[in-house]
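Have a look at the structure below before the remarks.
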């Protein structure tokens, strides 16, 4: 029998991506979709690309009977998520795609998100959702906090290197190129086609991007000492995809070997042959992450490039991967879709 | 047990799209991939987006043992296809994606393709591959000729109207906007990103596009009299997708009703509510075709708009749909992937 | 001495395009820029691409001393324009880029724009701004109404044919592909990069687009009888450019000859050799319009394709062309910029 | 009287960009255009966007009468350029846009370009064409070597900082995002729209890009000691534009002040207010370079971002700027075109 799924906040891009993926998931079935401002509308009106599917109408959250729901994905905006999840039944499995439960220290949450945490007692039970590194915890978790999409990309490149102790922890630099869907369906001038296409620019530069909170938390935990990285995201004129160019001080072959051995058995992480570098065009629409390594002409300096689709592996695909574990399904169920190229 | 599939010409876009779709097909397994100039290479080298798959290396066609193949897809260039298929075992099921077997009258083939047909005896047994209209013939066929992608789009909009006799047969106009992947992986200046992005232009205008051969053949057959349409394709700065704006003289509600009733049970054809028009963004990467109808302010004139993904429903998805029928599988097997948006 | 120019509504795309063009105009100087909601800001804040220019700050309209202004461009939204122009000094030369004074019959205005005309007495003195066809009237005018960008493109293709009487007036069809900057800097979901790029769709189909008011008015006037055309605009994933595919019943060579002779001396209209068709990539950023003609395989049917840049020849370039005439300057002053390719 | 200009290699993008800019240059006139494989063709056939101009036909180089030429731009491929320029009259002013005369040390040329220099005696007289830093030498030069477009962008960000001695010379990192027109009109699969749009990837990574030869030469010369930088270019799905994210160790305010004071009087270099960062959309089609500076959260680390249009300021605009100096014209003649936005 299929697992019954509710999606809270189904009118945004990550909500729609969850529906897209579940549409061909063998063991999940959508029983409720919420969308506050669009309650009462059919999904086909909000997202015509889903019109071939037989889906419940969008409703308000309090109209959902959670007693018949096995797991809820929460694809609501930051801050709203905390308030909503706090009111859900305490035995309901939840995968949250917002930033609300990513930072274990609620003081860090307040620092990066500018307001006090509204559900510190739930924070205590939340598991950080980077599947490849928290698999056992996630399997046992009730509440999983999906990672930031940029944060996931950077961590896939760096965690094995920090674990292996093969790079200088005081000189790590992440220059990231992100597709525009990461900004969501928000109406801003700089997201208009006329302004974004044919242009690129840095944003939240200088150590201001909120995903730094996740980098700080995770890298420091692994290293057992504070680790601060430099991180500059750039908006690139493409819809899906993140490419992180990660500059480290460490020997290139050692770096490559650390990644290669760490990910050898991972179903969704592909480490390219030494010297080959990945492209975002090769992971679009899929749950795969490609990683490449090349040494610099300056000895001891190495470039690691990681790519993934921000909406899939960086968000909704990761969420389903975690939900599969929480529900006792195969981790890869519904996620083996090949990338779409060209 | 899975059906054993060979793909001849796997180094082009339609070949790669076949691999993408078969990757999650429950009852097909790829046992051979040919690519003449790239024989010996791994698919991951030619198409890095497929690197997570365990695939046979590219080989030459004559290296394939067809006795262990249940069905071959032929994704070779026009003219090459005839020569290759002629040499294949006569009991091998073949779905050809080229133009070589689309036109029943070999004189018409010579007229549109500029050279004599090389396998007229095979032409006699070939079935035209527009699944929704040749389903029974295809089920029984050994050799199926995939349609042109533009030809498919126009026919989905027009066939039911000609069948129903509700439009003027002497005044049909198809203005079509096509994504660039339809031109294949060919190296031409006007397909370069720098030249195509941010630009649009008509091509093969004035009744010169070869897919007119298919329109002439099919529409005249349905009508029982010669039907000549006007057809202008335009290249649009997008990768996947065809939008056909079809202008007819006929009453709009009648036109919509004819489409609605004809496609009510079709799994891949969605007729939108009267007055709503489709967009290519809503079918990208999928086997779905969306059709909309709107009446003009001038009474008796109607616009029908049909959209599909040229590489999927217009080519490789259609090919698999046909192969499913030929192999006794469910017609929709492996093809229910939702479109990718945004 | 340079002519003193005010731009009302300088914070939108057409306002910014006026500034771009005047930046290298030999005989115009900007003395005032208004932008209601952005009054007090520097243009470099609103449009960083103009930061190299020494420009007045954005102000409110009532802060402008019009006694020292030779000509005002009014780039305000429809309806606002009427209200503003009504309050300007009655001897001030004005080029309006909105739709407010395009339709001579105020009943037609009400029909297409859904509200009564607010300044019918000014409408009486307004001259329709299609320079190539109203040159003498424009030279003598005080108030010129810039045309719609789609309306201009269609008229360049069709006016000489209606004048020459060489096409069937009852069967004219304009299928138009428009870049997204034509929609202005408005915040709508379907103008977001993530939704528009890689997609195309028809809008205002079925005879609902407001530029039909201009087609009706102008074509009927030339023909001396009512002429109604079919017109479907499509949004295309490019920023600048309009391509109008105009289908007529008439002999192709005659059609070409009518266009060729009509535009032989025009500085901005290029008629291509018979059989060649234009592309939007070849006029981007310029005041040029390219027109091509090809005959259909069905005798007596002809395709005319016209392209121009909606922001330049379709709007702000046309406005400056008209202003040049009104101010006694050379018509081509400041407008000979070559297109930007690639 | 206008200066008579020849363009050798006018059938590529940089050649076409020279024609575009000279079209509105007040003191230059094109008298000859060469294009070996396209000799005999009109420019309008090769580049329809130039069809409004009255231009000489493309010819072979040996058909040009250089006695009536004041200056030749050489927009030929690397290596070809050396061979051609060697045969030109020794008193002819030449601006070379290729890489052939950029490296003063011919051993460095051989190292980076893989073949011996064919005209070392000419190399001795060549002046490096970064106008803002070699103005006096260029004014007096007969042969000027245009810089690499990436090399120009990086140098605009870094030269004043090395001159001022305010950054660590052993830890400079340039992560660069480049539009596709920089690759020229070359027919390669990864430059096709279908493959490049919606994708981004690094290339020539790990210290292999040839423009490193220029960085090494220039930075070491300024510093008076060897300076090696890290440099990773990425191809971005846009046509024009380069954005260089330059990471340095130095105090942010000091870095900003060094740039601000160095460029205060430069007509084409705009240093943004401290903390503001530039975008490629704001310099497209123009000769302007925008530079911004932001400090990192880690004290002593600073990000400098520089943007320019690779075809204009990075190549053909720079070439005209240099030619203006060599011909005794105003440096800014013909180059004040505002960027094209959107």
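We just call them A, B, C and D in the order they show up, numbering each chain from 1.
Throughout what follows, a residue touches a chain if its C-beta (ideal position, glycine included) is under 8 Å from a C-beta of that chain, and two chains touch if they have at least 3 such contacts.
Quantities reported herein were computed from a predicted structural model and do not represent experimental measurements.
**Student:** When contacts are scored as defined above, which chain pair ends up with more C-beta pairs, A-C or A-D?
**Tutor:** So, comparing the two chain pairs, more contacts are at A-D.
**Student:** Where the centre means the average of the CA atoms, what chain is farthest from chain C?
**Tutor:** A
**Student:** How far is the middle of chain A from the middle of chain D, if each middle is the mean of its Cα atoms, in Å?
**Tutor:** 39
**Student:** Return the distance between the CA-based centres of chain A and chain C, expressed in whole Å.
**Tutor:** From the centre of chain A to the centre of chain C is 45 Å.
**Student:** Enumerate the residues of chain B that touch no fewer than two other chains.
**Tutor:** Those would be 13, 181, 192, 194, 196-198, 237, 239-240, 278-279, 281-282, 284, 342.
**Student:** Over in the complex, which chain A residues touch chain D? Could you list them?
**Tutor:** So the residues of chain A touching chain D come out as 171, 173, 175, 177, 179, 192, 194-203, 205-208, 212, 228, 230, 232, 234, 236-241, 243, 245, 247, 275, 277-282, 284, 294-298, 301, 303, 305, 342.
**Student:** Write out the stretch or stretches of chain B touching chain A in their complex.
**Tutor:** 13, 16, 19-20, 23-24, 47-53, 181, 197-198, 239-240, 268, 270, 272, 278-279, 281-286, 288, 290, 336-342
**Student:** Could you pull out which chain A residues touch chain C in their complex?
**Tutor:** 13, 179-181, 183, 185, 187-189, 191-194, 196-198, 237, 239
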